[in-house]
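Scrolling down, you'll hit the structures one after another.
You will see two complexes here that share chain A, one where it goes with chain B and one where it goes with chain C.
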Partner chain A sequence: MSRTTTHPLRAELRRGVGLPAGAATLAALLFAMYDRADGWLTGWTDTTDMLRSAGVIVGAPLAAAAACWQGGRERRRGTEELLATVSRARLRRTLLAAAPTVLWPVVGYLLTAAVCLAATWQYASDVGGPYASMLAADATAIGSLAALGFLVGRLVPWRLAPPLVALAVFSVDPYIANQDSPIAWLSPGKEHVYAWDRPVWWFGPVSMVWMAGLAAAALLAYATRRRARALALAPLAAAATAAVLIVQTGEGVWRPDPASAALVCDDGAPRVCASRTHGRMLPDASAALAGLSAKLRAIPNAPTRIVESRGDGHRARRTDATLFGWDYYFRRNRIVEPEMFAANAALDATAPPCPGVSDKERYNDLSEAVAEWLAPMPRPEPPIGQDAPGYTRALAKLKAMPDAERTRWLGGYFAAVRSCHPERVTAL
Partner chain B sequence: MTTNLLLYARSRALPVTVGVLIAAAPATAWFADWLVSGSGLGPRARQPLVVLAPLLVSAAIGASLYTHSEELDRTAVRPWWPRRACQLLLLTAVAAGLLAMAVPGESQVYGAYAMARNVLGSVGVTALAAALIGARLSWLPMLVHTGAVYFTARAEPGGPGAVWAWSVQPGPQRAAWWTAAALFAAGTCLYALRGARPEGPGSRR
Partner chain C sequence: MNSAASVRKLTVRHRRTTALDAVDLAFGTGVHGLLGPNGAGKTSLIRVLATVAPPTSGRVELLGGDVSAPAHRTAVRRRLGYLPQEFGYYPGFTVREFVAYVAWLKEMPRAAASAAVEGAVARVGLTDRIDAKIRTLSGGMVRRVGIAQAIVNDPDLLLLDEPTAGLDPEQRVDFRALLRELGRDATVIVSTHLVEDVAAACTEVTLIGAGRVAYRGTPHALAALGEEAGAEDFGDNPIERGYAVALRRHRSGAAPTTSGWSVTR
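Showing the complex of A and B:
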């Protein structure tokens, strides 16, 4: 006679609220990521960032609430005393009971990540790759928050405990992430800005130690006997060490990747250059800037390149016009606001940042007029009765000039402003 | 009669539920003030609160829909639907009124309108869930919905998004109101007629 036995973990994983919680996490995360696909279907860093935010805002509250519900299972069934008589250690029983609501939401998150990374493949540039350690850290954070939620369910005999746990996760993590201090980097959902950054190699593993250490300490403190409770100090110390390391490094946990930040340029004049991470945007960017380029080409002293600005204090060449935040103008590497893109590039070309400029009003009016002539900005008509903006008079004079005279004046204008001496611009 | 009502209220944990609703109002008002004064976003900063506070009160109302004596209730001579409907309507009115007063001013931008609408919609979803999956897990569907739409948080009001993302609309968008009202009507009717789904004899809390 053959007898088959089922491991308790297998039975736990197949029954109860864990599997539905994992399915709900998967469905909610896929929906949320699909709805915001235009915001991340660009590159690996954008996808990683969005997955981390979604994991914490959508996945973690759900996982923690489901685990909190699971934590009260024995109390609801009235089997606490019965289970206390079995020979298995309390820690083992606790881990077994927590396993389904900790593991299944993590599986839901990882499946979502796999789908999103596969979708990113066709849009991402040839540099970099998925940041697996960051996604593993996020999965660990979801599992750890679920474990903490489970313990709340074990300790708090209240029907409202699960939704309150979810609300706490909803609120506390974004609160930490929005702090103006390095503490913000302790939040697993903390976003960063630059698409050509990559995390330092240890950030993912240390983040895992930070969150998993907290959960392990709480589990050990709850489920071990009094004498063994000191064991909880070990993961707590590891979590504290990891937290100190993250907080001390602060924004340095993401650093520019030279390979991703390097420029790739077209063959035009002036040349249009994008960071390699946005290299697939270059054809559309060149097309959108064609009109601006044609005008700049004929003007002496005009910028020789229009480059994607790194926006992190990195100085471009003095002869470059820069434009930051290409992501705002593109969706899935196709440009959606070409006029605005060209107009903002023209604004930077005509008014490079210069400290301590005198007669700022005149300078602003002139630079706006030149930018408007180079690439008009789409803007609503001013309301009837309102005075025309200051630059319109200069623009009218610029348009009325003969071509040769205008080219000469613009040459002088660019020579003056690009050497940060706008006072040398002659009157129109 | 009064004794009957008191017993009914106790059997549905209504004192605790009403206590949660009353406590939620000043807490919401404090957080609203904190968010508006601290963020620089003006009344738009109240968006998280207008989404999350109704989630909390609807969970509390959903928990009160649980009955410990489902089999006994079915033997009653009088119909249950008027009591169930009254319970749901009264609790919803109290919650919507208190929370709407907790976000005064700029009612069109995540103010009283949006708060009242979200209480209606959230209670509707929770009552539907209580009738279909049981009162004790009735908070779950609204939590899943809130998580998904809170993340997507449609910045532009109106449009088709106002139907499925009704809870993150700023205020007077009609589609969002219609959706919330329809959910509330469906939830109230279904719960009043069928009651919460029985959850087995072993259920204690």
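Showing the complex of A and C:
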């Protein structure tokens, strides 16, 4: 019968609400990720971003609520009286009791991350890799929010405390993330847009210090004797320093990764170029743009490349046509809206951004007509509104032109608009 | 005689109610029964001795020092066993896990914990259920788990508040034998309503009435008091009659009856 008595942490981890909380976190996160798989099964950044969002929006409220429930255990079970007579330090007792509902949801998150990263492997490009420090930061955030939830459970003798804690975590974090200021980056769930960016090396570790510092300060303030409570200032100061660093850096916590942002191009004319991180989209992109390319190829002064862009007006060359947000047109590296993809590429090719254009209405009518001729925009059924008369007239004339005359006119059009002098375009 | 636990001018108030009123008591090695009606102050005394509740005033010395000093209080808690009146437990834990948990809470060396856990469980007769979850046990078995956790650290001072509640007669007989065994080396203080427990297991009895000591002495002396007073209108046995007589005298304002070595108010 004699068996070695194991550390009570083992019993805490095996019994009670911790393990079910971890399993619920795993199930909820896997479901959330599966439900939106088309949105992230593209590359490491997309997967990391979605994991962050799901972890904070789904995982953290669950973990915090379970931990809050666990925090009220001694009150519910009537063990407070007994625990008041033991010699083990309150901090260690608190850490032990909090452990299952802090650790198991973190394990649930990390397992979800492992599954999702394994699934991403076959879709991601050959550059970069999983951002382990960001995933560790998210896991830390979930654990820290759970620890704070545990303390709420310890202090608030109310049965409704766990769902209210979940609601608070569910609401407050997105609220911070949606702030139009650098404070938003303090939210562990703050999403990032550009697939070819990578976090600065310190963002993950500093984010961990930020969230873990808050939780550690709260734990020390709660569980140490009055004289030792000043110790809580140390993690609080670390958290504050981390927060200042993050807020001061703002958007800069993610920066373009030259290797991922580098362009890979096909051999066509014009060449179609994707960021290397979206290199696996290139064959479908080239195919979708084949019709547009065939028309542009014959036109003098037309763009010589159609390039995936950051969406901020930046273009590598003046002769590029750019197209932002390839993720919107692709699912798992396969194009799902080829006509829209080509039409938007044509729109950028025919109307490069030019500040201070005079007679903007004429310019818009002409550029949209040319784009429509190059790559027709899919029309919604039933049609919404009416086309502008100038646009309709221009498109009809363009279609009616003899090929040679149209090519000549388009050559003049591209020469004018790509030098930002659309007023020089001759009338149709 | 050295006392493992002593209180001097101990007063405990709960809001406007005085639970204990300037009580002086000392407890040495042996089994001490605390008797008294509901609300007399037995549980208040046990809770102060268990370091759960601080006294409103007065001095409390346990195991050789004043427990108002945090360092000594921690040292005392390592050598203390306590079964509260309302014993709380984690129903999902096994008996072994729960008793081991308490051993850890009392900072027992890990190497000694395994044997201590199994020993404590064996002493309360639950060896065959040691790996059963507590939620599957009967009320009496759960009470025995409570006793096991109280004795797992082989305490020098053991405080038991209504330990026999929920035990069947056979278990109570076994428990009294355990008390006698524990009382050979330790100071055991048992709060109870059951005078037969006191008669069978205690070396000394303290009767508390309305926050004051109404009687101190041996169970034999208490029984003799009942016989002498001829209080035949109360109780089925001499010790119950002694209990009634001592309490009536106390209520009538007579000086507390004492017997034996302990000084009482």
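Everything that follows uses one rule, which is that the second predicted complex is superposed on the first by the 412 of 428 C-alpha atoms of A that agree within 3 Å, B and C clash if a C-alpha of one lies under 4 Å from a C-alpha of the other, contacts with A are read in each partner's own complex, and residues count from 1 in each chain.
Operating definition for what follows: contacts are C-beta pairs under 8 Å (C-beta built on N, C-alpha and C of every residue); 3 or more make two chains touch, one makes a residue touch a chain.
Note that this is a predicted model, so its numbers are computed, not measured.
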Worksheet item: Overlaying the two complexes on chain A, which is it for chain B and chain C: clash or fit?
Response: fit
Discussion item. For A:265 in the superposed arrangement: first (chain B), second (chain C), both or neither?
Written reply: neither
Worksheet item: Looking at the overlay, what does A:88 touch: chain B (first), chain C (second), both, or neither?
Response: second
Discussion item. Output check: A:231 vs chain B and chain C. Expected answer is one of first, second, both, neither. What do you get?
Written reply: neither
Discussion item. I'd like to know which partner A:16 touches here: chain B for first, chain C for second, both or neither.
Written reply: second
Worksheet item: A:240 contacts which: chain B (first), chain C (second), both, neither?
Response: neither
Discussion item. Let me test your reading of the model: by the given contact rule, A:136 touches which partner, first (chain B), second (chain C), both or neither?
Written reply: neither
Item to complete: Can you pull out the angle centred on chain A between the C-alpha centres of chain B and chain C, to the nearest 10°?
Response: 50
Worksheet item: Which holds for A:377: it touches chain B only (first), chain C only (second), both, or neither?
Response: neither
Item to complete: Check whether chain B or chain C contacts more residues of chain A in the superposed model.
Response: B
Worksheet item: After lining up the shared chain so the two structures overlap, which partner does A:77 touch, if you call chain B first and chain C second: first, second, both or neither?
Response: both
Practice prompt. Once the two structures sit on chain A together, report how near the CA atoms of chain B get to those of chain C, whole Å.
Written response: 7
Discussion item. Can you give me the overlap between the chain B contact set and the chain C contact set on chain A?
Written reply: 77-78
Worksheet entry | Of all residues in chain C, those that touch chain A in their complex | 47, 50-52, 70, 74-75, 77-78, 80, 82, 84, 86-94, 96-98, 100-107, 110, 113-115, 117-118, 127, 130, 149
Item to complete: Provide the residue numbers of chain A that touch chain B in the complex, in ascending order.
Response: 17, 24, 27-28, 31-32, 35-36, 53-54, 57-59, 61-62, 65-66, 69, 72, 75-78, 157, 159-160, 162-164, 166-167, 170-171, 174
Item to complete: Going by the contact rule at the top, pick out the chain B residues touching chain A in the complex.
Response: 20, 48, 52, 55-56, 59-60, 63, 66, 136-137, 139-140, 143-144, 147-148, 150-152, 202-205
Discussion item. Considering only the defined contacts, which chain A positions touch chain C in the complex?
Written reply: 1-8, 11, 15-16, 73-74, 77-88, 93, 225
